[in-house]
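Two complexes are shown next, each including chain A; its partner changes from chain B in the first to chain C in the second.
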Partner chain A sequence: MEIVIQGLTYRYMAGTPYERCALADVDWTIPSGSFVAIIGGTGSGKTTLIQMIAGLMTPTRGHVLIGGIDDFSRLRGRVGVVFQYPEHQLFEETVAKDIAYGPLNLGLSQEEVNYRVEQAMGWVGLPRELASRSPFHLSGGQMRRVAIAGVLSMQPEVLVLDEPTAGLDPAGQRELMERMYTLHRERSMTVILVSHNMEEAATYAERVLVLYQGRKVAEGQPVDIFSRHRSLKEWGLEAPEAPRLADRLNRRLDPPLPDGLMTVDDLEEAILARWEGRPR
Partner chain B sequence: MSRLNHPVIGQYIPADSFLHRLDPRAKLVFVFVFMMIVFLAKNAAGYSLLVGVALSGVLLSRIPLPMILRGIKPVLYLIILTALLHLGMTRGGDVWWELGPITVYEQGVVQATVISLRFLILVLMGTLLTLTTSPMELTDGLERLLCPLTRVGVPAQDLALMMSIALRFIPTLWEEMDKIMMAQRARGADFDSGHLLRRVKSYIPVLIPLFISAFRRAEELALAMEARGYRGGKGRTRIRELRWKKEDTILLVVLAVLSISLWWLRG
Partner chain C sequence: MEPIIRLDGAGFRYDHLQERPEAEWALRGVHLQVGSGEYIAVMGPNGSGKSTLAKLLNGLLLPSEGKVWVGGLDTGLEKNHPLIRQKVGMVFQNPDNQIVGTTVKDDVAFGMENLGVPRQEMLKRIDQVLQQVGLRGREASSPHHLSGGQKQRLAIAGVMAMRPEVIIFDEATSMLDPGGRREVLDAITELHRQGTTVIHITHSVKEAFQAERVVVMADGRIEWSGAPHELFHRREKLTRWSLEVPLPLELKERLRRRGLPIRHEITGTEELVESLWKLLSRD
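So, the complex of A and B:
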């Protein structure tokens, strides 16, 4: 499902002294089945934007079309949202019951719900024996997985992830992102990632949208966005480590390393290739 | 859809007006006594006096009328309902109007007017107090007013602290609830349809996470306060000192004059 965003604007507390413009005139098209990232500093309007993509807030102006539909009551369950710290929304007695909440709201049969719960637990890597445990007795990382499974069990065609890895340890961060990426590939699920973590955006996203003070200031492939070091600084952002290091190496190298080294792995390979090809 | 779009009833509106500058103690005493003497008014003269005071309050607050009305709006339905009940139920005097089983008597109209007027004045004064006094000032004022009671064992300082923490966390919890509702809505929760029991039940997935987060916040706050050396109210100095000014004395004189006039008009 293609997502078309046109002239999207949102004002908080319109008509009071507290009025604040959270989002101004954002246009963007997200192709069906793509993996995109929204980046920007705190208060740049990222969360407001995804709330409107998910149909949870009505824009002050402009609209969001998902697969050509702008009536969100017809899109129930087709756009899944994992909010920041989703483990704070757990409420059921057992892990399985919590994951089943979404599918049950979709009116599926008990049999189908059970199947989906098991499937979603597999997707996020939760061992089966946790199904009957209370979600409140799990570790933080496991609680996060339960909450994400609760969204995935609705089998959304579009998955919105708002800072999904915040507060996880590095290994947990990587594992979660890899799992989401695999799901994206296998189910051709559109993924919209909102992140502070430039590494994540550079590694997984095909396209990146940069928001600054509620406005869209740049959009493009990570390679192009993350080579604009000066602009990034102005927006309160920083390129990931690999392109930054490559940039500094290139000041001393002739010929320079190839463009578009977004991840540490890419950079490592390029440097190794250079090392092996050096004149003896 | 977002709750953040609607200012909470009676939320403080910063401005620089006569009412804003008054000492919170004076305002608290005034509103407290005023709410009791409202019931002294028994005739048109008494009510005109009360309405006059309320309207001068509105003028002195320099808060735009629509904003005050917005604060009163939720209570307005209650007032209308009470007025309607009085219209239909109170008997006495001449019959003014008859429609099927409903008969409206003269006394009904009088009662409905008096009750709604009284109600309106009470709510208006309460709203004015909270609109022109920040929660901090309110608790400071209350603490000072309760101070004499510490001698008979009322923990005035602790009470004031509890109150300011409660007030401080209303918007936070409100926001939190908004977030949780949004998340559950994204999981297909429906808070607006079905019969009453079902609707109440639909809030369980909101209330449980909300309570858990409230407890977590409370624990964290207690820890943070202890870490910063809070050991109860004893010996604490304050950063904002309350200052009793000439205007505050004038306010209390007005209050006294008002009470005596109402007592006198009553006869």
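So, the complex of A and C:
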């Protein structure tokens, strides 16, 4: 489902002295089945934007069309949102019941619900024997997975992830992102990632939207966005470490290494190519 | 000198709270001393016992075995708790969960009111701590209109106003954007410079580098403890403890393995760039 965002604007407490424009005139098209990232500093409007994409807030002006539909009552369950620290929203007695909550509300048969719970647990890498355990006795990383499985069990076509890896250790971060990426590829699920982690945006996203003070200030491929070092600084952001290191080296190296080195793999190969091709 | 914090074989098991036969030790046999005015970073994967350790340090949790001493006071004795909690302040991960006042000023005052600090003294301290965290002039603002970094600095100000000897930061930067993160790290450095003992729990190797000593935890035990620069020569260990390997270190190792003559001692970005520039420019 393609997502078309047109002139999207949101004002908090409109008409009062506290009126504040959280989002102003944002246009953006997210192609069906793509993996995109929204980046921006605190207060840039990221969360406001995804709440409107999820139909949880009504825009002051402009609209969001999902698969050509702008009536969110017809989209329930097709857009899944994993909020920040989703484990705070767990509430059921067992892991399986918590994950089943959404599908049961869709009115699916018990058999179908059971199947979906098992499937979602597999997607997030939760061992089966945890199904009957209380979600509150699990580790933080496992609780996060239960909460994400609860959203995935709805089989959404669009998955919005708001800071999904915050607070996880580096190994846990990588595993979660890899699982979400696999799901995106295998099920052609559209993924919208909101992250402070520029490495994640650079590694997984095809397109990146940059918000600054409620406005769209840039949109493009990670390679283009993350080579704009000066602008990123102005927006309260910074490029991932690999392009920053490449930039520092290139300021002195003549001729410079090629553009678009986003990861440590890219750097390794480019430096090696230069080393092997050097005049002897 | 008597350390401000001392753990003698401290351990903690969560089965006090819930009768589960499979309850495991979250922390086991921990010996640790933190000197007054020291700045330490605590690292380790999720579930390694970092947060349990932090909660033992101000009596939020009591050790199931061994002893925990704060400024010479045994945390196992309930009568010591009020004094221990004055000595040890904590700043948590989520800035939104730590705000209680409707204005910046009220928020800072909250902790002091609980301690019964006289009004004149309170006003003096509010002014002082807001100055220190760079929020002076925002006294009347609503905390909810602050940025994430500002909210965390407000939380720090509230803790500082109670004049603790030790401040524990439990992943206090993990929800912030790069700008907010920098603000909080600068505030931590400043606190340490002024003599506060700092315990900074973090997943970021880069943040840990700011400390004087790094403690690595795994499976409820202290695996390693030493100066930050020593840790960075142990790439294999970082991987084993599922900590991130800093980019310059990873790149250097890979290039060395593929035959580039880069010196082993290099750990920082600046040195690596310098070295690569020389190698690649040589004709």
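Observations on the structure shown:
Basically, the second predicted complex is superposed on the first by the 275 of 280 C-alpha atoms of A that agree within 3 Å, B and C clash if a C-alpha of one lies under 4 Å from a C-alpha of the other, contacts with A are read in each partner's own complex, and residues count from 1 in each chain.
In the analysis below, contacts are C-beta pairs under 8 Å (C-beta built on N, C-alpha and C of every residue); 3 or more make two chains touch, one makes a residue touch a chain.
Just so it is clear, the structure is predicted and the values come from calculations on it, not from any experiment.
Between chain B and chain C, it is C that contacts the larger number of residues in chain A.
Touch criterion not met for A:E112: it reaches neither chain B nor chain C.
Of the two partner chains, neither chain B nor chain C is touched by A:E178.
Touch criterion not met for A:E19: it reaches neither chain B nor chain C. In the superposed model, A:Y101 lies in contact with chain B only, and not with chain C.
Residue contacts after overlaying the shared chain place A:D259 against neither chain B nor chain C.
Of the two partner chains placed around the shared chain by superposition, chain C is the only one that A:G167 touches, whereas chain B remains out of contact. Listed in rising order, the residues of chain A touching chain C in the complex are 40-43, 84-85, 137, 139-141, 163, 166-172, 196, 198, 236-238, 241-242, 245, 248-249, 252-254, 264, 267-268, 271-272, 274-275, 278-279. Of all residues in chain C, only 18, 20, 44-47, 93-94, 147-149, 171, 174-180, 203, 242-244, 247-248, 250-251, 254-255, 258, 260, 269, 272-273, 276-277, 279-283 touch chain A in the complex they form. Across the complex, chain A meets chain B through its residues 12-14, 16-18, 51, 54, 56-58, 76-77, 79-81, 83, 86, 88-91, 101-102, 105-106, 136, 150-151, 154.
Residues of chain B touching chain A in their complex: 1-2, 4-5, 7, 13-14, 67, 179-180, 182-190, 204-205, 208-209, 212-213.
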